[in-house]
């Protein structure tokens, strides 16, 4: 109340958030960078129309095309089979970003659901939090490996090997990384539940389901959003770690993590094969993290006031 | 002079997990174990037997092998001592046989001792091995790094079920070899010291040996060739560009030797279609709808340029081959027909077989069915490059290819519950490498017998993964097992080899893979060997002064 | 209360601006007042009127940025605190000017014992040894009426109730015998019965120690009970200032009058309808060019909207010395106001 | 506090049991067999016998119960015997690695020292670097130092360690040759020379891990200090005339470190996990390398035991974090 | 009061609200916070009952337990003929329109992500079958009623001042034409200059709509202004219920007396002359209330019996109930 409100135009709070977000120079730069990267992988292949898996069937040509340094035909050069690295980077980026986004959505969905249920229903709390604790205590790497192995065939049979692997990786990452979101959401819900507007809704006779949908969920949106951005970053890293350990996507399915893993074998002769995907992953994760940081500031009313 | 050359540093990037070859049979374990434990006889670089603990190699000529081929008599060298100073006797040899054939022991090398009826020890120096029937090749037991002699006194308590938990003997076996274990860190590092009781008082030249594990082939090669941190690195299988660069490092050199390991594409003669009910998939009930036509198989082989594969994947560590048995020389068939790629010929063959591209989508079809195959192998960078290349060539002749790569642990794991093992072969073609132990290809050839086909009734445990079945072949294998004369044996093996490769193209050999290791320029008298362990003559190694 | 004595603290034309990303806030505008020795000056005004900012500006407690104390003088015993170097200012804080804040729950550091927090200023400003400081801390705790003081030194703040914590805060503020004690709404967070205890304590301490006190509050009743003089703030300015009886008895500023009328009485005749002040407090985004109260004032006329009124004496004494008001309008006869 | 600790301990037991079951089953269900490492020259019947000898053909539940008994009863007995020369274990069957046929705990005992030296040093350095950076960044929020600190922290946990690690190896170990590429686990510090050697071989992995840890902890410290800087008690301290140093390093620090210390405690187990990758890159034969190695050859007892030990570590450090919180925060301590 | 008393709209009998405390190794139920311990009172149709007391004495808990926002531990609450604690979930939902609540913190009681119209419309969505337009019309009507400009309908709560926010809360409470409203410190968070606006509004509405209020506050002067009768609570129990004028003129319970005397008055002349009763010490914890009379630890007139026997709330004078051994000498 100290700041007497201006009563002129009703501003949506997202505009406020945006205004605040724009103040965060790092986050703005990161957003710009991220959009650039996204454009590179989404729009790029429409302009640079080389099949990332194309190998010249003529052995003579193929041999001549191998391991070329950058040229006009191949701005980033070619790999050991004469495939165009630029095209592979674009294609790989698509997959990496898609993995990041979808895995994050999975994690956020599970996390939010469990967090809301645990926070709102006292009786479910103990059980769900034990579950969360248990997942937190499970060493995830072996778990991921096992999941990948267990379900690979099943999913591949249903949706085909490529989509199958994709879904599996995404699900595996999602299913093993929701705990953080669940904890945050639960904490928020516990606090929100004590807020008077929830009590007010109860006094009106709003049933629990609608209280959650109408009053709780919209208000946990900001922490969830922050968790989501950080989740994208984490998922991209996890995918590349899996690839690094040789357990991610198949090799004819280039992702940044996979390209980096393959590149490490030739790091001495062609260091750029490591540098390009490494840089792409790092920049993406960095920009997403920065965006998350900016969002956190922008969404935090305490900081926004300052 | 013994011990005058200080420390020898060896790198086995796949770290050593046990020194008892009977419990692991992992090449790395066998090889490092061979520094300590020795067999009666070993193989030299040419695949010839030479005596180690034995005084000489028994033959028909010198009477060591019985005329009816049912027994072989070994004589031990005089005055042999274990590293703890006790004498080596024929009882130790007999014990070794008992140890490995104990039904509960889970001996990894029990195949080496197959067919032995009994072992007699008429005196401390003499061992008589009696076979159940005539053995044309009686040198399987107690020869090569995979069948060393154990000390009875040390392993007596480790028979049968106790074998695995005998930690101390397994990690610090007492042996007759040039070195003895001083410290053993599982899967990490083994330190050894010169054996004071080694039979040649001048050897070994090195006082201690450190065998380090961990990392990968690239790092291993680099540690010898570039940074010089190690004297010798085993199995530095890296891609050719790297090989060239490392060689330029000037601190060492790559050494190679070719044996029997062949990277090949195996063709599934049965139908792996997922539409079939479980239990009938990839079984002899359903012949493969496409590959039953030999022309298609031949087209697949003709479309491949093996030279490119070698250049991309192996460099000095491989050479193109058309044979399943590329060595020893006397067994190798002189096939070279497949070495030049013939895309047009392949296309023509397909057309002859009725596969033409009627709808112009680049993929040939027949009776409204597209020629589309699944091509699986393990996760491994070289194999994936091969897959990509081969896929390109096959696409070129109008075959649609779907690639699949499987974790090697699963692929080779043999778990009957997993769909992805190489024996289940739920794919049309698969690629891996295989070889045979020692110099005798007979057991190897008998893998392709009709009764070795894996299937649900034998828990998918057969070795005939192609499901190849030809009575003529089976008959010829039988003939082989009854033939003792070397020249005749070689003739038969060549024929068998050609039946599988050139004639029927059931197996498409690609690359003859050699052993490929890195050796520091400061080490001398190293001789690469592809028939026994690479450390077979470690007692002779010296440091260049 | 020696009326003519030299003031211990004199503030002239204090201006404080917050320069935030979302614009400026002119929180304090040209505030002047003086504090005589032993006097208790009450400061009232609604939330956001600049009470706290004024007091914190005095001793540089505002975070800068965003705060900018951009004008005026603060004379403590002749030296201008606004010109003092940070190190000098630090020596004034806690030693010559004590501060008590509103929320006793959060104003004490939760992880240090009460004793160590009391002893801190003693050791820094007075250079006392540990035992000396401890003895003095016990004395202080006894002074503010905490029983079993020696044992309580080792307690942590959370082991105290709200009222006791506020007593501890007072003890800390009094530790170095300051000349001035500034209390920023020290009883707002407390219950009435506890508030009564604290008020009683302050009255007692004043008698014993005789320092000058500035007491900020929302509660006109509290002021009426303990203050000598009162300063009514509105929109970052002083609206009216004078001896308590005069300001409460004959309020001159329409805001003061309205404020007094909005409060229901505890005794006497029960009024029918409360007199509310409609509208909102002003937004202080620019330096004032009009009377900040004009928009809500029942007596406002054109001049009020174009010219910010200067303070003028009501009882003939110069501004600051007696009763003064910042208003263009002249209040009618006192009798009328009293019965409004 | 005591009942709290006891309570936490008690609830940890069912959690651990459940986790042990989940881990055991999951690892067990994973396809792959301990025979995958055996050359194809070994015929199927022999393989079958080898499996039987390992007990790998027993039903899952039997193996689980046996493993549980070995983990919780037999192994501690052996530990006691080793420490006090007693004979509780009496030759009972230990958990044996399928691959190397040695007791898994012996293997872990051999591996732990190098992991602990590298991870521990890296964590320590990470903390020592992170705290001042975090504190000063918060104190000078939005200053260039803060911006730079933020950038480095962000970069620190955005750039994957396998990338930085490999780049560092390429530059410093291969191109410049300053550091060895293979970690020598037999090296023990006896004199100056071996000490220098040790430092050299630890330099790169520790740098990479420390950078990563420092990034995370400094962010935490910064936000915790920021939060506390806005607290009323800071204003009180200033109003008492405390120097900025005292305000920051005594009042704010002490409060800010409470959450940071628990985060540090909670981070310990995850660092072990992260070390898997680091060990892989720098060829350190630590516990992470052992795990990966065991996974690759389906050495189930080893995988199950190491994985479960990680889980135990996580639970234990959670407990430690809670207790630390209680010790550091008097508001909880006296409950 | 009048002889022909209107029928009580709200009847509270022996209401208890305990919050369990779990402690020890197994988190066993080891005690209770007796936030409300045996409270009885009634509120007549159209009347305002003031409920005063210090922070933590259980005022809000009484309000919430009556509306069954908490499940009461024991006791009966009859509102407009229905036994509220016994209602089934669905019946309770149907009953909600009759009884409403206005909350203390106008900021916290409005969902920051809903517009004013949405907030006021929520009860209509829940309980009526009106069309969208009808609902909007009703929202506008309500906004008029509480003095909010219709133009503000699409704004978010943060764009309003405290007083305006409280009006939104009141409009929401009024939406379903309730009979009974619990006002839980509706003005405590507001500035003095704004408080009067809200209190006036509440009074106007009561007059126009015939509402019944339970007005919870710790501001005794404001309670004197608005309430007809006043209940003074101390540590979960009622110390005294009296008609307003009687209470303020001559409090019977020593706590009521001390409370009244502790309130400072904005009149310097009177302030100087007033005799204060300063209570010693703090309020005991409701988890561990003293034996005997709750107030015995701080009472200036404490007698030995007070530490032994709990006094009962008894009609001491016509219309005045007091729980004190001084006033009701006969124990029991």
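Which chain is which? They are A, B, C, D and E, in the order written, and residues in each are numbered from 1.
The rule is short, and it goes like this: a contact is a pair of C-beta atoms (placed from the backbone, for glycine too) under 8 Å apart; a residue touches a chain by one contact, two chains touch by 3 or more.
Composition by chain, UniProt nomenclature: A = Peptide ABC transporter permease; C, E = ABC transporter ATP-binding protein; D = ABC transporter substrate-binding protein.
A quick note: this is a predicted structure, and the numbers were derived from the prediction, not measured.
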Next on the checklist: By that same contact rule, can you tell me which chains touch subunit A and subunit C alike?
Outcome noted: D, E
Checklist entry - What are the two chains with the most C-beta pairs touching? => result B-D
Item to check | Most widely separated chain from subunit B, with each centre as the mean of CA atoms | outcome: C
Item to check | For subunit A paired with subunit E, centre-to-centre distance based on mean C-alpha positions, whole Å | outcome: 50
Checklist outcome for this item: Separation of the C-alpha centres, subunit C versus subunit D, in whole Å, is 55
Next on the checklist: Need the CA-centroid distance for the pair subunit B / subunit E, whole Å please.
Outcome noted: 88
Checklist entry - How far is the middle of subunit A from the middle of subunit D, if each middle is the mean of its Cα atoms, in Å? => result 25
Checklist outcome for this item: Touching at least 2 other chains, the residues of subunit D are 31-32, 174, 295
Checklist entry - Hey, what residues on subunit C touch two or more of the other chains? => result 47, 280-281
Checklist outcome for this item: Shared-interface residues of subunit B (touching two or more other chains) are 222, 407, 410, 420
Checklist entry - If you look only at subunit B, which of its residues touch subunit A in the complex? => result 218, 222, 238-239, 241-242, 245, 274, 305, 307-308, 311-312, 341, 343, 379, 381, 384-385, 387-389, 391-393, 395-396, 402-405, 407, 410, 419-420
Item to check | Parts of subunit D lying in touch with subunit C, wherever the complex brings them together | outcome: 231-233, 235-243, 246, 251, 254-255, 258, 328-331, 334
Checklist outcome for this item: Residue positions on subunit D within touch of subunit A in the complex are 15, 18-19, 22-23, 26-27, 29-32, 147, 150-151, 154-155, 157-160, 162-163, 166-167, 170, 174, 230, 273, 276-277, 280, 291-292, 295, 303, 307, 310-311, 314-315, 318
Checklist outcome for this item: Touching subunit E in the complex, subunit A uses residues 1, 4-7, 10-13, 195-197, 199-207, 210, 214-215, 218-219, 221
Checklist entry - What part of subunit C is in contact with subunit E in the complex they form? => result 46-47, 161-164, 191-197, 199-200, 218-225, 244-245, 248-249, 258-260, 262-267, 270-271, 273-278, 280-281
